[in-house]
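In the two complexes that follow, chain A is the common piece, with chain B as its partner first and chain C second.
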Partner chain A sequence: MKDLQHITTFLDGVSRYFAHVSKDRKSLELGTPYLVRNHEQLGLDLTGAIAISGKTKGFVFFSSSRALLKYLLLSLGESEFSDQYMSDIVGEVANTISGNVRKTLGPEFHISTPKVISGHLDNDSLKPERLSYVLPLKWRGNTAQLIVSLDSIDARE
Partner chain B sequence: MFSKLFGKYRFLVISIALFIIFDLGVLILNFYTSGKIAEQTELINLAARQSTLSQQMSKATLYIKSQKLQQWVYQSGLEELRSHYTLFGETLNALTHGGQATSTETGAKIQVDAVTTERGRALLNQANLLWSGFDTAIKPLMKDTLITDEEIQPASEFIARNNLVLFDLMTQLTDHFSHEAEAQTTLLRRAQVAGISLATINFFVILFHFLNQLRTRDRRLELKQHESDQLLASIDDGVCLVDANLRIGLQHSGRLEEIFGTNQIAGRKFAAFLNRYVTESTARSAHDFISLYFKQHVSPDLIGDLNPLKEVKAFVETPNGKHEEKYLNFSFAPLVQEDGETVLLVTVQDITDRVKLRSTQEASETKMHTQLALFSQILPINPDELRLFIEQGMSSLTKMNQVLKSKRGQAQSIAHSLAQIMPLAHRVKGDARSIGLTTLGEQVHAFEEDIAELLERAKSESVSGRDVLPLTVALKQIIENIELLKSLCERLQQYGIRYDQATSKQDLDVPVVGTVMPPAINQRWHGLQTMVSDIAQEQGVTAQLEVRGFEHPLPRDLEQSLYSMAVQLVRNSLAHGIESVDGRRAHCKPRIGRIQVLLSDDGQGNYRFVVEDDGRGFDYAAIERAIKGQHAESVADRTLSKAELLKFVFTEPFSTKAHVDTTAGRGVGLPLVWDLAKQIGAKVQVRSVAKEFTQFIFLFSSSSQIDDSPLNAKVA
Partner chain C sequence: MKLLIVDDSLVIRNKISRSLLSRFAKVERAENGRQALESAKKELPDLVTMDLTMPEMGGVECIRHMVTIAPKAAILVVSALSDKHTAITALKYGANGFLCKPFTESDLQSAIEQVLKVAGQR
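Then we have the complex of A and B:
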């Protein structure tokens, strides 16, 4: 059940970010989590990718629709919605996930600096046959996803 | 006692005492000699004044004589003579016998001791002899202010005659006193030189002694330090001391630096230092824990078990900036120092290799056991049965995932999604157990339990995606286990054992197609007997399965649906239908219960699929009680028809069994059968006579479409 602990930590990081932005702990809604094969098409418009190394390897992606990012920028007092601004904000959410992971799980997780990807994810770095978790998110009616692809030590080869 | 008092400082005390004695000696001698020199100076002055007085007396006498001859006034000369005479006599007497004399400087009376030196006495004796002559000659001049020529003449002559002698004696006495004073000064100088020399020598003795001692002590300290360093360097464990302020001491073993990859250890706060390597909560617990050792009312023996730093995971940064995972064991022992202060001896052991080895062994053993369990379970299974199960299982799991994926979030729909997933899980469980995959069956059973629990919660509160997350994680584990089965089949094939090449990992959205051919189909269906034997044993009944009609090819989807329906119905027969041996005997039935699974067709593509048993039949009264107990709100108090009761049985999750076990009790078996029947477009007929038999008949054709119409079970 390590997967569950890790996913909960990632999810808490995202929830904390949106709770901080909107001053409402319940503003971020989680849909029903499901599974996808890594070779399937993953991700929404813009994605903040965090690579995880160490005992647990894999990736965590915060993928968002442009609409959600616009709302997010508006909430932060921005009036410009350029790609650069949207990329920055996606990276910031991913950074918050990293921070929460470090605080909760300690340095067990070696986390890379978030990388922002536009469009669908490049699956090359993922094992194509493995399953990833998709956690559908909704914030003020706009969609995002938390995609977790982990190869924990107890995962079967 | 002296040695007890001063101990190792005796030499220092003696040396300092001598230094003081020497200095005091010089000081006292200086003081004494200075007094003597002052006295001597006074004597010199007195003697010198005597010389002057002798001359002045001669001068005064001559003045009186001269004045008198000229008949002039001589009174001033007489008074001068008288004053000089008196002063000389008084001083000579004081010098000879001791007594008071008039100071040459102040004019005050001073006490003068009698001169005792031999030379001084001799000169004074001569002066006294001569002075007696002066005394005789001058005394007549002292009695009146008017003097005669007869009085002045002899005095004048005597003084003129002896004046120089007296002057010479007094000059010699002055010189004698000067020599005496010079001797005193020389003595004082020598005493000062001697005393200061001794004090200086003593000072250097002290200095050298202590320099020597300091050097010896430094050497010893260096030696001790060296030995201590060598000792600390040779210790295999990390060792350091922590003081009452919870700071790490200045010395620690070399191993400690190796363990933490830093030499910045000494003097740091223990918890703050630890915080760099372990989680905040662990560091906080460690701080609280070691604080206990410095509380007087806490016994170290009692708190040892509370140590939060046993086998603690730490992350140490390597020189190349990466983090290395280590497992460390900290142990603590309080030590009372010579000054009564308590310090804590901290021993750190790097047990990473041991823990990782154990962890690897455990993981390896767990994996091996799981694989062995699966391996031992799949070996007796017919390869075709296993392949079909894997396909069917993956298909069901894929459907479950699709249900999750399609219902994105609406709280009210989550319960509906779970209700959809439940029969699918039930089917996988039943199918797994039907071919003897008990481990997997138990895993799916646990998954089913979690769904049931969440469904129960959903009745009273809103459930969210976060509540479903554990189910998604469990679903992934089940999928991975079925994939492991595939992998094992492939490995077996590599060893030449005939296991059909499992298809590549199935896409979660793609349905399985194809045809199940003989003999695979026949073997799979006859394999149900194993399940019947196992469940019959669990349920305490005896039963035999008869399977007929599976000698011909069937579309894979159809075959898998029929198989799962048969599994559920046969399980139902064993759980609810077939009586115990005693029960059957009481109803005059054969000892062994009979279950039949039959498939027939009319050659025109019309099929008749029958599952029947000679058990106790439907107990409609019990079903009605159970329905009213579990669904009271929807059926109120009215009497339900058999058709209505059957509708409940096939569509609502309820059971007449009081307890859930791995075979039955959740009430999802018949809804699953109904669902599968709909998928193959079958019409369902149920015939049952209490205490006699139950028969499920499914009529369908190869061209039947999915039938979404409401249940239309026919009660025969």
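Then we have the complex of A and C:
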């Protein structure tokens, strides 16, 4: 049940973020979350990784296609789409969604500053002994994923 | 009036700057708390927008020093950390208001009005 609460909280956070930047809820399509063992290769073009510490340990990733990040930058008033801007926005989305869950999960849910990963996620972040929830989404037709990989996630739940 | 924007995100610094440029005669930017304190010593800002989660020096530690370096500055925390405990801690150390990310230009303008009022600078 604890994991279900975490996932619901993150789903709400993703919905709120994209509703906020696009001023409507229709442009976001949320897929069905699924559980993976960390043997699979995960990660789209660019990923913002937030390390979680405190009572719960692990990582939260916002992984995105470059196309979605370009639309996000446009919606925030930017007209430059260099790697610097793409990396900045993918980290900021990961930071915002992770930070917002503290309203529900409390101040013991500590978040790091974002690290940006290009391509597949590395073993330092996606530890093989952990499971991860993948929340697929499309925003304005462009693909992204929120990946929640926390110690508390248990395949038996 | 002088504004100091403190945030590790370039996109957020740009967004705040665009939203508030017409209101302030000078706008300075800092990527972390350490840079913010260096800038504040030179410029003595009237208003500071302060992120909390930043590399090198985070926002809470920066606020603790900022209130002695620029005691007249109004400080608005602009952070993704949305829990009450974080907001109360920031206010305890000297912030005048709190705005949660993501925010609209209108949210930011309203929060700025409020902190300037609270800090007695209007």
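Please note the rule applied: the second predicted complex is superposed on the first by the 146 of 157 C-alpha atoms of A that agree within 3 Å, B and C clash if a C-alpha of one lies under 4 Å from a C-alpha of the other, contacts with A are read in each partner's own complex, and residues count from 1 in each chain.
To be clear about the criterion, a contact is a pair of C-beta atoms (placed from the backbone, for glycine too) under 8 Å apart; a residue touches a chain by one contact, two chains touch by 3 or more.
Just so we're clear, the structure is a prediction, and the values are computed from it rather than from any experiment.
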| item | value |
| --- | --- |
| Touching partner for A:Glu129 - first (chain B), second (chain C), both, neither | first |
| Partner chain(s) touched by A:Arg37 [first = chain B, second = chain C, both, neither] | first |
| Comparison of chain B and chain C by chain A residues contacted | B |
| Touching partner for A:Phe61 - first (chain B), second (chain C), both, neither | neither |
| Chain B versus chain C as contact partner of A:Trp139, first or second or both or neither | neither |
| Which superposed partner A:Phe10 touches (first chain B, second chain C, both, neither) | neither |
| First (chain B), second (chain C), both or neither touched by A:Tyr85 | second |
| Footprint overlap on chain A, where chain B in one structure and chain C in the other make contact | 103, 106-107 |
| Footprint of chain A on chain B - complex, ascending | 278-280, 313, 315, 322-323, 325, 363, 367, 401, 404-405, 407-409, 414, 417, 464-466, 468-470, 472-473, 475-476, 479-481, 483-484, 505, 507-508 |
| Touching residues on chain A, where the partner in the complex is chain C | 16-17, 20-21, 73, 76-78, 84-85, 88-89, 91-92, 95-103, 106-107, 111-113 |
| Chain C residues within the chain A interface of the complex | 8-12, 14-15, 18, 53-55, 79-83, 85-86, 100-102, 104 |
| Residues of chain A touching chain B in the complex | 1, 3-4, 7-8, 11, 29-37, 40, 54-55, 103, 105-108, 110, 129, 131, 133-136, 138, 153-156 |
